[in-house]
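In the two complexes that follow, subunit A is the common piece, with subunit B as its partner first and subunit C second.
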Partner chain A sequence: MKAAAFDYARPDTIAEACALIAGDHDAKLMAGGQSLGPMLNLRLAQPSLLVDITRIKDLARIEERDDAVTFGAIVTHAAIEDRRIADPTHGFLSRVARGIAYRAVRTRGTIGGSLAHADPAADWVSTLTALGAEIFLTGPDGAQRRVGMKDFIHGAMSTALEPGEILDGVRIPRFSASARFGFEKICRKTGEFAEAMGVAVHDPERGVCRVVAGAGGGRPVAIEASRGAGARLLDRFNDAAAVRDMLIEAGVTGDDYKMRLQVAAVRRAVAELAAR
Partner chain B sequence: MTHITIEVNGKPVTADVTPRTHLADFLREHLLLTGTHIGCEHGVCGACTVEIDGEIARSCITFAVACDGARVRTIESFDDDPLMARMRDAFSTSHALQCGYCTPGMLIAARDLVRRKAAEPGLDIRTEMSGNLCRCTGYAGIIEAIETVTAEAPAVPALAGYRWVGPAPGPGAATTQPTKAPVPTAARPVTPAAPKAAPPAVASRPIKVEVGAITVVDGETRFTESFVLEHSRAAVWDLMRDPQKVAACMPGLALDPPAANDHLTGRMEVKLGPISAGFSGEGAMSRDDAGHHMMIEGRGSDRKSGSRASGRVEYVLSETATGGGGAGTRVDCVIAFTLQGPLAQFGRSDLVRDLVARIGEAFARNVDMRLRAPEGAVVAPAELGGFSLVLGVLLGRLRRLLLRLLGR
Partner chain C sequence: MTDAGIGARLPRKEDDRYMRGRGRYVGDIRLPGMLEVAFLRSPLAHARIVSIRVPEALREKVVLAGDLLDVKPIRADTTLPGFKSSTQPVLAGDRVRHVGELIALCMAPTRAEAEDIVAEIEVEFDELPAVTEMLAGRAPDAPLLHEQWGDNLFLISLTDVSSAEMKAKAAYSVTRELRTARQVMSPIEGRGVVAEWDSRVEQLVVHSATQQPHIVRSGLAECLGLDEGRIRVIAPDVGGGFGYKGILLAEEVALAWTTRRIGKPLRWIEDRRENLTAGADCREHHYRLTAYADANGRLLGLDGEASVDCGAYSAYPFSACLEGGQIGSLLPGLYDFAHYRCRVHSVATNKPPILPYRGVARTGACFALEVTLDALARKIGIEPTALRLNSLVRPEQMPFDNIAKRHFDSGDYPEALRRAIAAIDLPGVRARQKTGEPDGRRIGIGFSMYAEQAGHGTSVYSAWGIPFVPGYEQCQARFTPDGGLELRIGAHSHGQGLETTLSQVAHSILGVPHDRIKVVHGDTALTPYSTGTWGSRCMIMSGGAVAAACDTLAERVKHIGASLLQAEVAAVRLEGGEVVGPNGRIGIAEIARTWYRRPQDLPRDVDPGGLEVTAGYKAARDTGTFSYAAHATVVAVDPETGETEILDYVIVEDGGVLVNPMIVDGQIIGGTAQGIGTAFYEEMLYDERGQPLASTLSDYLLPGPTEMPNLRILHMETPSPYTRFGQKGIGEGGAIAPPAALANAVNDALHDLGAELLMSPITPRRIVEAIAAAQAREAAE
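What follows is the complex of A and B.
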């Protein structure tokens, strides 16, 4: 199908983009359009105005700090996959990026677009929750705020974004050289949306250990160890029955089949981490 | 119409396009470059793959206006490309095509793969090529052809040193005119953003909602939902026996003033991410005051998409003790609904569950808030644009068709 008619605007600055969406609550921001495009073509989404943010220079910024790297919202999955930009995880982001959909989608799909779209099965939604990333939001009055991933994702396609607000960047903490990571997603076909996703992160130096079960239909569920207890938490993933209980207690839901997928995904992620 | 300038196969092209025209249609219909094929037209099959500023992209989900200032390369311009020539020969030798429909996209994606990764040890061609579908060959010939070319370690054309890290072409592109103000294509009233609701007289508090297993029988989705309110059954029933009050607690639902013979009319607004729908419809209710039992049935249609929905909600109230030991009321609901039309092409119950739980929670919180409000106090109406059951299906159905092959 063809998209229904819409108006088109291509602002040069974040402020102009905010003003455009603040003035029309049927307006929709579009970055790479790799999730929105199909919805437009199928006429599931029929915005009055499409605001193309891919010409806003600030949204492609890469800010390197001692403790974190900030990516602008329109950095593509392909740029991360190709390691054309700084990677605070020593290659883990690239490894996740190369499994997102297909290359022809990754060249246009963006990290910020994926997060704002907040599909539970999206790779960045689970991965950045596990990495403890923070989201930068800018409002129509120029006001900026910073929201942790945990508070940013409210549920399936629902986020902390207020009307007129734009997601302008993602701050990802730097991990130490001894940090280890694991990632697993289970898909019916390569590149399709995941049915279950597991992400494991352990950085003893920074005292971070998180295991995330994602793609469960709602917000990702994180299991976190307190400082120094990381190895102990990871040990608990040896026993499938115990993992199942742990996930249920943490809020993962689903029928028997779905639970088995979730258990398998997090256990494989932890196993990959352990093998590194 | 928007004026754009695109370099297509090395030649500058200027044109006026409607914003909704995607790049594949622009190439085929405006420039008659019909080598770019359109298969699924929603980014799943890969037949429409072209290059934009040297990177492969799906031209059916990239709008032509977004390519203003970009360099686009289609299958027609690879005749003199040595790597593509080798790939074409290999496709021919390995019988990597039958009907040829997927071939233009397949060749462009295969050449790009070799360009980027020919030197990579353990290259998994099947995974890398999974974004291009072929319904004839079973892929064996295609994989063999790409393996052959990869094994020859061909010289690959390099991309420019500096590359924009966002979607091409980025702010550096030479465009004919800036498109800052919206270019109107249709007369549409500008809808102001909804005003923020006044703070409610009573703060809402979280209430746990249990959602049972979701089953789909003959196209009808069914599930149960239950929650406990810290109010007497008489008080809860006084609210929940009245459809107007129930509707006021339901996010997105607005009923018309009551009519005779229990006939209900109203609208259900649903919004989830970029999807929004407004179902207008009618319904009826039957109520058993002695049994604290209510059934509401309804059906409606969404003018925008032409989809139809029907459903029923049945609930019964029973007395129970609350966690604090006080008098409480347990509300058990059975909900069933069917969706037909364009929006019904999709369906996945795991997402429905999350939504259903959240709608149920919002509803239970609103009921609780109203019951705690002092006599005569103004309680802010349930927030519009929240989630609805219908939406849950919408989203679920959406996924099955659209997102099955698109994961990201």
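What follows is the complex of A and C.
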């Protein structure tokens, strides 16, 4: 199938893009187009106006600070995979990016597009939740706001983005030297959508220990330890039955098979972390 | 034999253009004034069409059933007793019988605009209850697809050989119910058609991604009421066929009719959504099979009930019963036993017509038999390989007529299995299983065997009575004035490498270098009639025809050459592309130049037919060759998550004399990838209203490179006694055995847990559920 007719605009600035979508409720932003492209072709999405944001320089920015790195929204998965840009996570981001869909998708697909689309199976949705990332949003009046990942993702395909707002960047806290991580994605075959995802991050210096169960159909579920309690939390993942109970308590749902996958995914992520 | 002739691992000649992106496919064709076509397709599985409303302004851009009054529906009947005929409308006017059935052809300068027109047409339906499952379709109160039949059965086929005695004689028996999923053939290139009316020669020219240009021409002529001479079908480069491109499409007929009517070229390129939801269905079988063994652990008999989910219509030309009609003779596999009964139901359902897919019916039959044999061996308490070795047809019995009258031409089946057992190291795997895996996974080993009938011809197909019966295959071979060799064949090459292998055949006989040999195919105007590329027949049939034509050319070349060398014909020989006599040698190029440009130098008694011949070929016995193989695999299964990993995969295959062993390996690898797809991934599910549940390749999973194990392929080489060089057809075997071998390996791994998987695909969820069900059974006992 081919897309229904639409108008096309390619603004140079965030403000122009905001103005375009504010002026047309049927307008859609497109970055890499790896989700929207197929939806256009299948005519599941029939926007009146497509606003291509891939030429907006501010959205390609990389800002390095002592405590964090901020990526503009149109940084591609491939740029992260190839370590062409700063990575505040000792290679964790690159490791995750490498497993996103297929290389062709990674070449075009963007971190901001993936987050704005908010497919629960998306790698960044779970990973950035585990990393405690923050999302920058810019509104039509130029107002910026900053939302934590936990508050940004409302559910499947649902986010804190308001009409007329653009996701303009992602701020990822910098790992301390001793930080460790683990990541496991269970999918039917390489490159396919995840059926379950487990992400584990332990950064004792910063007091962060988070295990995320994702790709479950809604927002990712995070299990966190308070400062100093990280090792104890991670120990609890040795026992599959206990993990199952822990996940259920944390809000993970699914039939027996799905729960098995969720349990396996988080346990493997924790095991990988422990082995590092 | 030479280093570039039969037996050489010659790189494929066609790969240069394929690998550089220089192939030319239907989708590359642009004609002046060409319009793009999109089809309005039925959104319902079963319905009466109450009304179709086309906005008046668009009426000229839309073709409906009511416009095609002079077009005959597609019919593919067989003469099998009891077969019930279906008529597939080119465009549906009053009734639709599957989702995706064509209702309107819409044309516009671009595909997107054509789809806009599709969206403007309003169809009012009166939905009917749908038959969405073959066993339900057999029920007495099932809704009917074709009311005049009185039931939903295209055909019931029965085979019975001394079946009454088997139960009493048996020491052991097992019964299993097995199912293979409906699949969708997934060539990289889908179907595509460009049709134009050439007013100069008053000829319909149809460019189609087809395996069978001559059959498409006959089918178009029948539907359109045109002389075949008024139709030219061109199959350019074709990106994989697998059977899907071996059928006449309603789309082809609709475009052909319309282009003639409007005087403009039309193009339709199937997209993946159409491919998945409307077109390329295959494979769906159900079996209830009982296997009996004697006290010595030898197969004694089989008793089977099978059903094939045939979809709504009988597809042209192979009919709805190509699968159902063959299961009875395929189910016995490679085994020698005395008692047999099999009844097969070819059931009409509200799904797209079932089409022949690489392995045609054998994949399902092999799955049912080989998985049941493993269960039988476990019941007896012996290795599944022991049951097979006890029961296989032995080499000293060859040629062998099996219980269902299939005539196995040659081979050593037990030896293939023994080599597979050694290569996969069965004792080593058994020892490893005893120690267990550190990661908690379970290891299983599985075997399966098949024979692949190929190149079967007149005697087989005349009994079927489908729209064509293959006879002699022909090749037109000619030398060009500068000594090049053209080989024109009516079959088509779309991945098989025929441009290389047929060149190797010609090279073996004439010694002409490969860069001077051109294989011409894929155009009814340029090639002799052929039923096309299907049934792994081309290396036997086209190869035989090329050899026959080259033999004749060799004689004529020698005759002229001897004269030019002033020698007796009996005293010369053809060697390395030259005629060699007692007093000298002369090249074929020089002889060709003499025939075409210096006829004054020709001998008086030269054959006036010259250096262009059409020769035909049919195998000495046309019941087909039987290549065969033993597949052996080791898998690891995670009982927690149901994930599987193929740890090892061995194939011991005997394809007779291999014309190009590298191409044979490629065929095996590609086929096995598809077999792994059947085993673990591919499944087109339908809901209770007949809606297909996958419409993109993210819902319909295909194995990719990372899902492929490294195959270890070992060859045996038992020549066929019936073919020109002892070659056998080998194109489909890779797709036949893997589902059974992998299921047997999974079942071996899970045996201790009491779980058994009897379906394809075996998915992680099904493994987990089978284990849970086994645990529940155990708890209940």
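Just so it is clear, the second predicted complex is superposed on the first by the 276 of 276 C-alpha atoms of A that agree within 3 Å, B and C clash if a C-alpha of one lies under 4 Å from a C-alpha of the other, contacts with A are read in each partner's own complex, and residues count from 1 in each chain.
Throughout what follows, contacts are C-beta pairs under 8 Å (C-beta built on N, C-alpha and C of every residue); 3 or more make two chains touch, one makes a residue touch a chain.
All of these numbers come straight from a predicted model, not from anything done at the bench.
J.: Taking the superposition on A as described, I'd like to know which of subunit B and subunit C A:Ile186 touches: first, second, both or neither.
T.: Once the two structures are laid over each other on A, A:Ile186 reaches subunit C alone.
J.: After lining up the shared chain so the two structures overlap, which partner does A:Glu16 touch, if you call subunit B first and subunit C second: first, second, both or neither?
T.: Touch status of A:Glu16: first partner only.
J.: Looking only at subunit A, is it subunit B or subunit C that touches more of its residues?
T.: Between subunit B and subunit C, B touches the greater number of residues in subunit A.
J.: For A:Ser114, using the defined touch cut-off, is the partner it touches subunit B, subunit C, both, or neither? Pick first, second, both or neither.
T.: After superposition on chain A, A:Ser114 lies in contact with subunit B alone.
J.: After superposition on the shared chain, which partner residues are touched by A:Asp141: those of subunit B (first), subunit C (second), both, or neither?
T.: neither
J.: Considering only the touch criterion stated at the top, classify A:Ser35 as touching first (subunit B), second (subunit C), both, or neither.
T.: In the superposition, A:Ser35 touches subunit B alone.
J.: Check whether A:Glu64 is in contact with subunit B, with subunit C, with both or with neither, and answer first, second, both or neither.
T.: In the superposition, A:Glu64 contacts neither subunit B nor subunit C.
J.: Contacts for A:Asp151 in the overlay, against subunit B (first) and subunit C (second): which applies, first, second, both or neither?
T.: Once the two structures are laid over each other on A, A:Asp151 reaches no partner at all.
J.: For A:Asp245, select first, second, both or neither according to whether it touches subunit B, subunit C, the two together, or no partner.
T.: Neither partner.
J.: With the two structures laid over each other on chain A, which partner does A:Leu261 touch: subunit B (first), subunit C (second), both, or neither?
T.: second
J.: State which residues of subunit A lie in both footprints, the one left by subunit B and the one left by subunit C.
T.: Overlap of subunit B and subunit C footprints on subunit A: residues 1-5, 38, 42-43, 188-193.
J.: If you look only at subunit C, which of its residues touch subunit A in the complex?
T.: 110-112, 115-116, 119, 271, 273, 638, 640-643, 681, 695-696, 698, 701, 703-704, 706-707, 763-765, 768-769, 772
J.: Give every residue of subunit B touching subunit A within the complex, in rising order.
T.: Spelled out, the residues of subunit B in touch with subunit A are 2, 18-20, 22, 25, 41-44, 46, 49, 52, 55-58, 60-63, 65-66, 68, 109, 112-113, 116, 126-128, 130-132, 163-168, 170-171, 173, 178-186, 188, 190-194, 211, 213, 272-276, 304-305, 342-343, 345, 348, 350-355, 357-358, 387, 394-395, 398-399, 401-408.
J.: What part of subunit A is in contact with subunit B in the complex they form?
T.: Interface residues on subunit A, with respect to subunit B: 1-12, 16, 20, 22-26, 28, 30-50, 52, 54-57, 59-60, 62, 72, 74-79, 84-85, 100-110, 114, 117-123, 155-158, 163-164, 185, 187-195, 216-219, 253-255, 258.
J.: If you look only at subunit A, which of its residues touch subunit C in the complex?
T.: 1-5, 38, 42-43, 186, 188-193, 240, 256-257, 260-261, 263-264
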